[in-house]
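Listed next: structures, encoded as structure tokens.
The following pair of complexes shares a single chain, chain A, combined with chain B in the former and chain C in the latter.
The block that comes next holds the complex of A and B.
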């Protein structure tokens, strides 16, 4: 039996400085361990009602459902479909009732937060989308190294990446290599 | 090539998986809860392979994971728009008008 992988980003993903050692780090990265992630998907025709239910229960304003209208704890992955963080599946199920399906993805997805002055140059190496046109708070379901990934823009130079846990090791390895030229600081 | 997704906006074609022409709606179930053989045969296999404006199914597999219908010109490769597949046949009249206008 293979040992349980405690760190989904691989053995080389350790706290501290990696790559270029001179100057300040170009990229800062952190991984939220033990984060509760629940995916909700509205049943046909119920998307707006589901958003209203989520607003009533958790106070998150998701607008009319465009990917640009998400929140840091409610990232849009498709029409009427969101990744909610910080609430357990039972609470979410109680909130959405028969309007939507809720599935626990805490073990399925990994959230990585990356930031720093070199973030645009780093993401330009793999993200196929034009980051410069994204408003802060926008979510984009796209890919990272051809691995399905949901991006969320937290700030001008700060992004959340949601990837499948079994792909996280590849993502971690690639980030260590690709950000070596900028200097990577892992929290 | 860039393809417009009604939910995600303009996206690179590598995010999509093509399926084929959206030429006919899925036939209704008749007797014995199955479609007529001819209708089913047409739906599965008969394609016009048209040169010009076509409607094609694409799955936005590395994005919002929805099936969409892309309006594309097979002569110029120009993509003129797209519709959610769930809405495409509901709005068949619109699809016919669109076809007639080409």
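The block that comes next holds the complex of A and C.
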């Protein structure tokens, strides 16, 4: 029997409507449980070689390494650093070899996907960056309120948030607070 | 909203209020009615109220001076219930709503019979500097017992709210190409020019709607009314993507294009009208590439006796109440002016049916003929009479006389609102500059990313203001827009220089809020306070909630005259944020009380909650301090029970919070060699080693164990407290000092849940959890590491001990840590496995003599904590050079020692100071050292024990010492010193 995965977002994070009840929800949120996440970080001078290795192994085209050239399954968190989803750590380590560090973060990071018509107003509360300068497909290592958070822009009004697991309950609580005025629908 | 109440001073037409929506409110418990769109000031004036409050120092009756944010007098308290009242709202900025309850401030007894008015009778004995001069007598005792309590009672404006602020606030990150501060016609014109050029523009307007005075002044734009023209512009700006934020005050300008603004979202609405879940106010942290200061200008008064009487008002304020709100503040109006601008107001009052007399200070003023307006040239207002409201005005000068009047309007000239242009000198050094032509300070030369538009530039006519707006738009890359033709333009001219009239003295007020008079400024100059900053502090002119918006320039002009200097030489005091008062709560935003900072939770937090844990904060983490079991009397009882169970059989504790860093790469061992004091190249795969890190200054930084998991793969643990600092230190050293090292590392603190099994049965329990793994003393010896699997997930087994028992730490991915924890409890049940918290851990590690953050407090060397042997002589490492400082080998240097209470039941107080005599004196000349950690009860010693740092530590072993706590009534505790390694000093248990 496989052990039960514990919900890291806490007891208040329950499916359904929260905050403002009238009208359609301004914000939709979902948590992907059981996602395989591997963090890779190139050794000095090896970033381009690491990207080439990732392309050869998984077909990911990460361009020249700018944060805007990431992909949904390869989110850039810093120079030569990515969060890869969908491949386990052994496979990734085998692909990058001594070019890069590869560590499992499947338990270490929690991914929330948020979307909806009020998403810009919500992010204006949580994140100091200017959405206007932020193309679809780009990632930013920033903050969710006071909490370190990597944002990935999936679409015009759809974002992935990666936060440290131990912070997830606070993120969940603060997301409920911040989106209450818009109405939040948790999947 | 049913019956309409009379509003005697409200005209039956005019104004931009909504006459279809009467609004009922109270002031000092009396019920009044105004209209939607009224400020509290306009609504009360409409009802004939003249007295709004009492002045700060002399408790003089005061009315309304201005009509906007500059108002110094009419400060009121808003009461929304016992836990929700706030003081010092400016009546001129407070919008009325149905059911609003307001109160006047700063009086004892009714507003019209304030007992503190006695101060006014003695005002000649309360000059500037009175407090400084008087309260020397009697010395400090008199100050504390007599003067201070009396002054405290009288001090302060309004009553502070006593309960926690019940509202919530939000912080918003707002971005723009250009921020336009001020939504008057100039600001909007510039904004339109920029928005049409494709810029993202945010316009912040502190009043309730966009448009400023153009809305009601009566001028027309291309034949349209001001209100219609403004509405067009607003629609165009929004259509071009611009954002208009009314009720939003830009309160501060900071470096690099950062601005602070507060948007008031609720204060003008009834509770029912507020959108649910929305914030009372929003703090906008605005980041803008460019800024337009379109902040307008604030009119100033003139110093003459009685110029603070209720009913004496700035001409622009009287005009605003008339034009914007349809409220006529007087029927017999005297208007004292130093420039042509006064005539526009005179004409408006005359047209509204008032009898107007203009007192024009200029003998050479051009003849102006306005129906029904009498003009007397070359005269000034010498004295206003009427304690509770103006009744008569004496004038003097070329002629003299006395006029019956129920209002006295003063047009003393305009001060551009330059405050924001002096908040930062980030991109330019200059401060506002004095323009001797305009008799006012204007913005300094602005940099490329800044522009000014409208009357803040010193422009006076609407046409000139529009021209500056066009220029500002052009400067910042805006599109040229056609300026409208302004008709029915109001007259303007430069003012005559008259700061105070002849004979102005101690009843001629400059700063109405602080009761600073013309005489006070002269006195300050006489007494040598010649710097404007000194004058400000001596007289209090320009302080408190209004920051002297109506008073500063006049005050420093008079200081210049009194000291025989130019105004430009005297300069201004420095304007600082906030421009107008803002609640502290709005700066905190969402982050208050439990939301002050995030919490970090272990994967088994919920289990601990359900099983009697009491938590303590460790940095951001919540960690179990102890678990209360049936029969436990108190926390110590629980901790001692947990300690005994662990030492006697088997304990389990959650160590998930330790910092964990994964290090990979061919140079990983070299990297560790440089970070830690001890050597790492010989550590075999499958082994852990205790490591010590120093700071550059040679003092101990952090400790922990690092394990070698593979040829080029290490796993470091740090203390919970220093995890982030260690990571930062590693990043810094790798990036700046050793970028050539082929190594990379990542924090995996959150990836792994970890528990410790400790006690004589720990091995048996571990064997049950991992039946396929050889965990015998040979298979997993002390400091051994095994990577294996648990239910298909990676599990790491470390034979390390903090408690001094035979112990193991096991790490598994956090997602399944809860399940693993339950499995461990089940496996250990036969040995009565007992969860223990930080308190029990603390007892055990003190018994063992292990150091933690309390000891590694940034002041200790390796030797001080007995770890001097952990230095490899074969290599260099961070802190090496400085760790060889002479001071570190001084025999007098305090080193770690163990202390044991003299008898059971005696306490040792943490932080106590150690002495060798019970006789005293207990001071720094005799102190030997200090206590860092205390176990209030050690089962091993059957009494309290402690770790301390004392001079010549080893020499005191076996001897009696005394711990004195100066913060606990100098209680003296007798203790005996010994080695800090109370428990199993030869490590037989951990190696077993």
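One rule holds in what follows: the second predicted complex is superposed on the first by the 182 of 187 C-alpha atoms of A that agree within 3 Å, B and C clash if a C-alpha of one lies under 4 Å from a C-alpha of the other, contacts with A are read in each partner's own complex, and residues count from 1 in each chain.
Criterion: a contact is a pair of C-beta atoms (placed from the backbone, for glycine too) under 8 Å apart; a residue touches a chain by one contact, two chains touch by 3 or more.
As the structure is a computational prediction, the values presented were derived from the model and not from experiment.
Counting the residues of chain A that each partner touches, chain B and chain C differ, and the larger count belongs to C.
In the superposition on chain A, A:116 makes contact with neither chain B nor chain C. In the superposition on chain A, contact is made by A:20 with chain C only, not with chain B.
Of the two partner chains, chain C is the only one touched by A:181; chain B is not. In the superposed model, A:67 lies in contact with chain B only, and not with chain C.
Residue contacts after overlaying the shared chain place A:98 against chain C, while chain B stays out of touching range. Once the two complexes are laid over each other on the shared chain, residue contacts for A:79 go to chain B alone; chain C is not touched. Contacts of A:146 after superposition: both chain B and chain C are touched. In the superposed model, A:165 makes contact with chain C only, not with chain B. Taken together, the two complexes place residues 44, 128-129, 146 of chain A in contact with chain B and also with chain C.
Only residues 44, 67, 77-79, 81, 128-129, 140-143, 146, 148 of chain A touch chain B when the two sit together in their complex.
On chain A, the positions that touch chain C within their shared complex are 2-6, 8, 10-11, 19-20, 34, 39, 41-44, 98, 100-109, 124-125, 127-132, 145-147, 164-167, 169-171, 173-174, 177-178, 180-181.
On chain C, the positions that touch chain A within their shared complex are 170-175, 200, 275-279, 285, 287, 590-591, 595, 597-603, 606, 621, 656-657, 662-666, 712, 739-746, 748-753, 791-794, 813-820. Chain B meets chain A in the complex at residues 7-8, 11-12, 14-15, 61-66, 84, 86.
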